[in-house]
Amino acid sequence: MSEGRGRLVAELTLRRPSFTLDVALEIPAGQVVAVLGPNGAGKSTLLDTLAGLLRPDAGRIELDGRLLTDTRTRVHVPAHRRRVGLLAQQALLFPHLTVRDNVAFGPRCAGASRAEAARLAGDWLADVDAADLAARRPTQLSGGQAQRVALARALAGEPELLLLDEPLSALDVDVAPAMRALLRRVLGGGGPGVGAGHGEAPRTALLVTHHLLDAVVLADRVLVLVEGRVVEDGPAREVLARPRSPFGARIAGLNLVSGTACEGGLRTDDGTLVSGRPGHGTNGGPAVAVFPPSAVSVFRDRPDGSPRNVFPVLLVALEPHAEVVRMRAGVPAGGPDWLDGLAADVTPAAVADLGAEPGVPLWFAVKANEVGIHPATR
Amino acid sequence: GGGAQPSSGAGGQPGEGTLTVSAAASLTKVFGELEKRFETDNPGVDVVLNLGSSSTLAEQIVHGAPVDVFAAASPATMKTVADAGLAGAEQPVFTTNKLQIAVAAGNPKGVTGFADLNKPGVITVVCAPQVPCGAATEKVEKASGIALRPASREPDVKSVVNKVTSGNADAGVVYLTDVLDNDAKVDGVSFPEADNAINDYPVTALKNAPHAALAAKFVELVRGEDGRRALEAAGFGTP
Amino acid sequence: MIPGAPVRDRHVVGVGLPRVLWVPALVGLALIALPVVGLVVRADLARFPELVTGGAALSALGLSLRTAAVSTLLCLLFGGPLAAVLARSGAPGLRLIRPIVLLPLVLPPVVGGLALLYTVGRTGFGGRVLELWFGITVPFTTAAVVLAQTFVSMPFLVVSLEGALRTAGERYESVAATLGASPATVFRRVTLPLVLPGVGSGLVLAFARALGEFGATIAFAGSLQGTTQTLPLLVYQVREVDVDGAVALSLVLVVVAVLVIAVARPRAAEGLG
Amino acid sequence: MIPGAPVRDRHVVGVGLPRVLWVPALVGLALIALPVVGLVVRADLARFPELVTGGAALSALGLSLRTAAVSTLLCLLFGGPLAAVLARSGAPGLRLIRPIVLLPLVLPPVVGGLALLYTVGRTGFGGRVLELWFGITVPFTTAAVVLAQTFVSMPFLVVSLEGALRTAGERYESVAATLGASPATVFRRVTLPLVLPGVGSGLVLAFARALGEFGATIAFAGSLQGTTQTLPLLVYQVREVDVDGAVALSLVLVVVAVLVIAVARPRAAEGLG
Amino acid sequence: MSEGRGRLVAELTLRRPSFTLDVALEIPAGQVVAVLGPNGAGKSTLLDTLAGLLRPDAGRIELDGRLLTDTRTRVHVPAHRRRVGLLAQQALLFPHLTVRDNVAFGPRCAGASRAEAARLAGDWLADVDAADLAARRPTQLSGGQAQRVALARALAGEPELLLLDEPLSALDVDVAPAMRALLRRVLGGGGPGVGAGHGEAPRTALLVTHHLLDAVVLADRVLVLVEGRVVEDGPAREVLARPRSPFGARIAGLNLVSGTACEGGLRTDDGTLVSGRPGHGTNGGPAVAVFPPSAVSVFRDRPDGSPRNVFPVLLVALEPHAEVVRMRAGVPAGGPDWLDGLAADVTPAAVADLGAEPGVPLWFAVKANEVGIHPATR
């Protein structure tokens, strides 16, 4: 993979009667940023503004040094010249075009010949598992089918900056993981056609989602928006480990361990094997192991049983939540760094049983089946 | 059709003291004056003019329009009404109209007679043969043996006049009355052949006129001294 | 923006029009505007006051406005439902009925007036029925003017409204039905508001057509001052003796019509503020 | 159904129309159809063949169809962009321009013809320019007929298309722009297809209006068989001497027009098969 | 609660060029049925047909004895007289009405006065946490806000049969649980206004979802549709425990234990305490404990540590899946019935370590934090 494309620098304010979006962003080329936040937080507004569909009241947007918006100098590059693709929250497939022509629309606008565009569209449709729908009209699709076609259409545009507004809602349990894998490949610079990676640079992208898993699996960085402001911004792992806002805390609920995918799980830099269920395309590459704090069992002594992953830790903090207590691990003497910040959610009764208090050594155990191994995003 | 029984008007129709006069459009100016005259002579009476092309007016009468007096621009249209049994006992010709060539003021193209209308470089406009002035023009053509090559055969004489006054035609065959109406903008060129095609205007108090007495009185006015004077002033001839 | 949505975010940036469209658009505008400008230049503006305050002109203008308004209303009352039936009813044979609506469009107006005369005139079938049963004679009354205007204007409302109904789609109507709305309620509370711009266009066209109507009126209603002489008929009559006066008079008509439409249209055509 | 969606699931049950709508709809239909029926009943059908095969009639009918077709095309070429600009451009002052489009609607046609005569006639400014620079004289030519018809028909296309554009909304256009479509591409590949029903209605109205056009044509173009005498002009002239013949002739016009529209319309107005 | 309303009997066939829906259903009054299935399986088509928006090619539909559709006798009661409410997959709020008027639309149609309808709308809007949006137009809403308003509008219609097509997608993590609770209350016969239960009979409902949790929490019964046919139909627990179709197996991934909610968890009929995280409104009522097989640790000997729930079981089956082995529990001598069918997912390595084979006694351990306690649906 070469250098990334699409470094985004944006700083904008957009005021509505009962809402103000006020965001400053800097996204390095090739980075994928997950945008999380409650309904009405301004996620779609942010994306629409970046795409050039909304004009902010103040601010500037720059993509790869190209000035897209500057309210001071009244610059507003129109949407079609931004090379910014947007998958909106509604599918909005063109009702008068077939599915294939919908997907071919972007390539055609980019100058592809009719045949070339149709071929590309076919490839993208195959990627979203909708090849057999190519000849249909949008009205003849189910909700999830339409969503997939819309995703294919947005990807086929091959923009420099890709904005995806809840691309995976409405998908069934079978398809969602496959789409997630597709997005990973595309965001990493791949083109259409399974296995036909263009070997291009990774793509800068903003991805709105309500599902933490999407954020963890697809994004390098998580941005939490609440009431139009960024309340959390950082690597997924950091935001999850140390949420600084109530909403962040509510969504934070996952432990992350980085390393290299291997047979049966992931190997950390210090050589520890974290057993887990390998996901799509994790063979040998950098990966993260993800598991919820609730999946962590805590023992005074080393347990003996099915859990594959048993780590000695030092208890550093007890965070009482609504009904559970979150135990935060620290690194015991000589232990690996990645243990720092691992969380286990246990009941208050268990805390009492364990006689747990900061400073005591404990064992964290996690079943391999609770641990998802996902390709790391960088 | 025809033969319907007229009754005094209902709804928004003219009331008792209202005399409805259907007259050919070319009579607009003269009948406007006569209307005032009649209203002065007969206080309480309101004359309402219904001006239009003679054939339209005839159609209306045939289909039961409650009209008192009908003044047509051609005996043919009067015949339509008479054939339907609706005309009064007599339908006298009360005036005539004669053709004249209208040219732009100053006569820049030097049109001096009917034959000049075919001169190269002269754009001529005439009336369609179906309307009285066109029929008259055709008669002249036959009588003189000069077949015109007009740029247009217009369906009413006002359109011909307009083409000349607006400078789009160099000459138009119209009525003397039209030339007088527009004497600021056009000059008239008389030609002897016009005498072969005098146009007759008949008038009648309709048989089923809602106001038969008043209708007869109006016809009298038209045919009387006052009528003649007004008609002559406008360029109409005496039968 | 969703169809019919009346509230617009001021931040929304339209896609913009292709620049090249401006060229034909301006040509089109010129085609319409220049002749009228020519007319205005040519008109003897000094005579305006005299013409407008003349009794005949005022009475004709008033009659024109009144009859055109009533005709437009009738078009809406009868043509609106007709458009809805054409656009939405699945009734068989509708394909055959649609062309009928276009008849008054292509019939030369004078012939349209004759048709009315034949039908509702004293000697026509309808006319005889009206006279026998109700003692009403239509020709030469203001009612005849309204009838003639309605006859020629209705297709404008029907055709443009039908187009709007087809564009608007039916998904919202289905939603309303699942919420328990009867077809009548759906029509009143969902369909109509969604096609308001179409209704607006249709009304403007119908009103304008009614206001300018001449041929059918003169053939069917005659030209009686105060009763049936609308402004276009007066213009015709004045033209017989005084072309410049006729032009000036028709400019009066134009100004008044544009004013009426400009005042009435924004609400009807651009949503309910 | 989504706007413009051409494929319809045969299982879809429409919401149905309120029954009561049928009453005014049928009244409206009767209002339009009965007079025409009256006309047909009255017409001397035996004379049809003779009239139609008469040289003047055939030539006038052909001229009418040709000029109306060309005018409709011109309306589309210039009026379409004008409608788009009016509906979509945010340019300031547009509110002031919109009423101008309505001028030919309310101007009595004869006066409209005079306006053209004053402008593009020999003595008008435009006419002098044309004559000096290109040696073209417009009045009394077929071009004049087309010009007159275009002038009176254009507003019909503009107003009904503008209504459709307003109803169609802009969300799909935004999507197209984010896919890299320039405004021109958006217009051609998204906007236009979505408002096809509106374009269809507009074309039908414009064509019908052009076909029936009388007043402006006579005032501006004159009436010469083969060159400027369209069927409505012929009907008017024939009527002066032979009402029944005129009625029969106009029925010919009506039948032909309805046929032309019925053949052309389904594609234009109801989506692309 | 009184007797339920809205017993639905339906039998329909609807053919499209490349799809055929062929379903026979009988839903007792007051039952809530979750409909699951892949994209394009026919879920929305089924709902649209029941609502009267689509006419089946063959079949009949009967609601509470009222014949709604019968293709043989050509009966087709129009949508507005069915008393069947439909929340479609797209929000489709009336763009020309305010949010309040959108919600008041149903009550108005049902004959409520303007004031009464506005009051009801206000109550429903408060329920979906959208009270402050009442005066807005639909175009001024975010995606999730629109979805919530659409839900309120559908509920305000107070239909006898409620059809909900993915009512909870697009909702943020904060709101989704609250909406789930709202749906529970409404489906149980409640009206608008928090705590203002009408005390009416529970409502018959079909609920399309892609999220198993919705099915478990809200539905009495699960119906899995694949390619237009019902491939699974039964109580949630049964479908999950013994999936009979590949799709069913893929979505099945939860253990269910019924009992009565109590402090700290749920008590089974035999008195066992299953510790867990209590959800919304579970105080003292019937409840289910839900936990994924992957959360179950398996031990040879009784473990000692944080897991609160430790059950002795008899291993009855080993089901190899893609990368894990699912262990199925049986009831050991004298043990409670509810142990039957419990599943634990472990790695093949763990199976080997445990020397597990059918017939051996084992310990299943589950952390209380992995166990969700949800009110039972009946």
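Note that the chains are named A, B, C, D and E in the order they appear, and that numbering of residues resets to 1 at the start of each chain.
Quick note on the criterion: a contact is a pair of C-beta atoms (placed from the backbone, for glycine too) under 8 Å apart; a residue touches a chain by one contact, two chains touch by 3 or more.
Small disclaimer: the values here were computed from a predicted structure and weren't measured.
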item: Identity of the chain that, by mean CA position, is farthest from chain A; value: B
item: Chain A and chain B, separation of their C-alpha mean positions in angstrom; value: 89
item: Centre-of-Cα separation between chain D and chain B, whole angstrom; value: 35
item: Rounded Å distance between chain A and chain D, as computed from the means of their C-alpha atoms; value: 55
item: Junction residues of chain B - those touching two or more other chains; value: 59, 162
item: Residue list for chain C, restricted to those that touch at least two other chains; value: 1-5, 9, 15-16, 110, 114, 118, 124, 171, 174, 176-177, 182-183, 186, 194, 236, 239, 243
item: Numbers and ranges of chain A residues touching at least 2 other chains; value: 16, 52-53, 78-80, 140
item: Chain-to-chain touches, reported pairwise for every pair that qualifies; value: A-C, A-D, A-E, B-C, B-D, C-D, C-E, D-E
item: Contacting residues of chain C [partner chain B, same complex]; value: 110, 114, 117-118, 121-124, 127, 135-137, 139-143, 218-219, 222-227, 236-237, 239-241, 243
item: List of chain A residues in touch with chain C within their complex; value: 14, 16, 49, 52-57, 76, 78-80
item: Partner chain C, residues of chain E touching it in the complex; value: 51-53, 78-80, 83-86, 88, 92, 94-97, 105-106, 109-110, 137-140, 153-154, 157, 159
item: Interface residues, chain B side, partner chain D - complex; value: 53-55, 59, 76, 123, 125, 128-131, 150-156, 159, 162-163, 166-169
item: Chain C-touching residues of chain B, taken from the complex the two chains share; value: 1-2, 4, 6-7, 9-14, 20, 22, 25-26, 28-29, 32, 48-52, 56, 59-60, 62-66, 158, 161-162, 165, 181-182
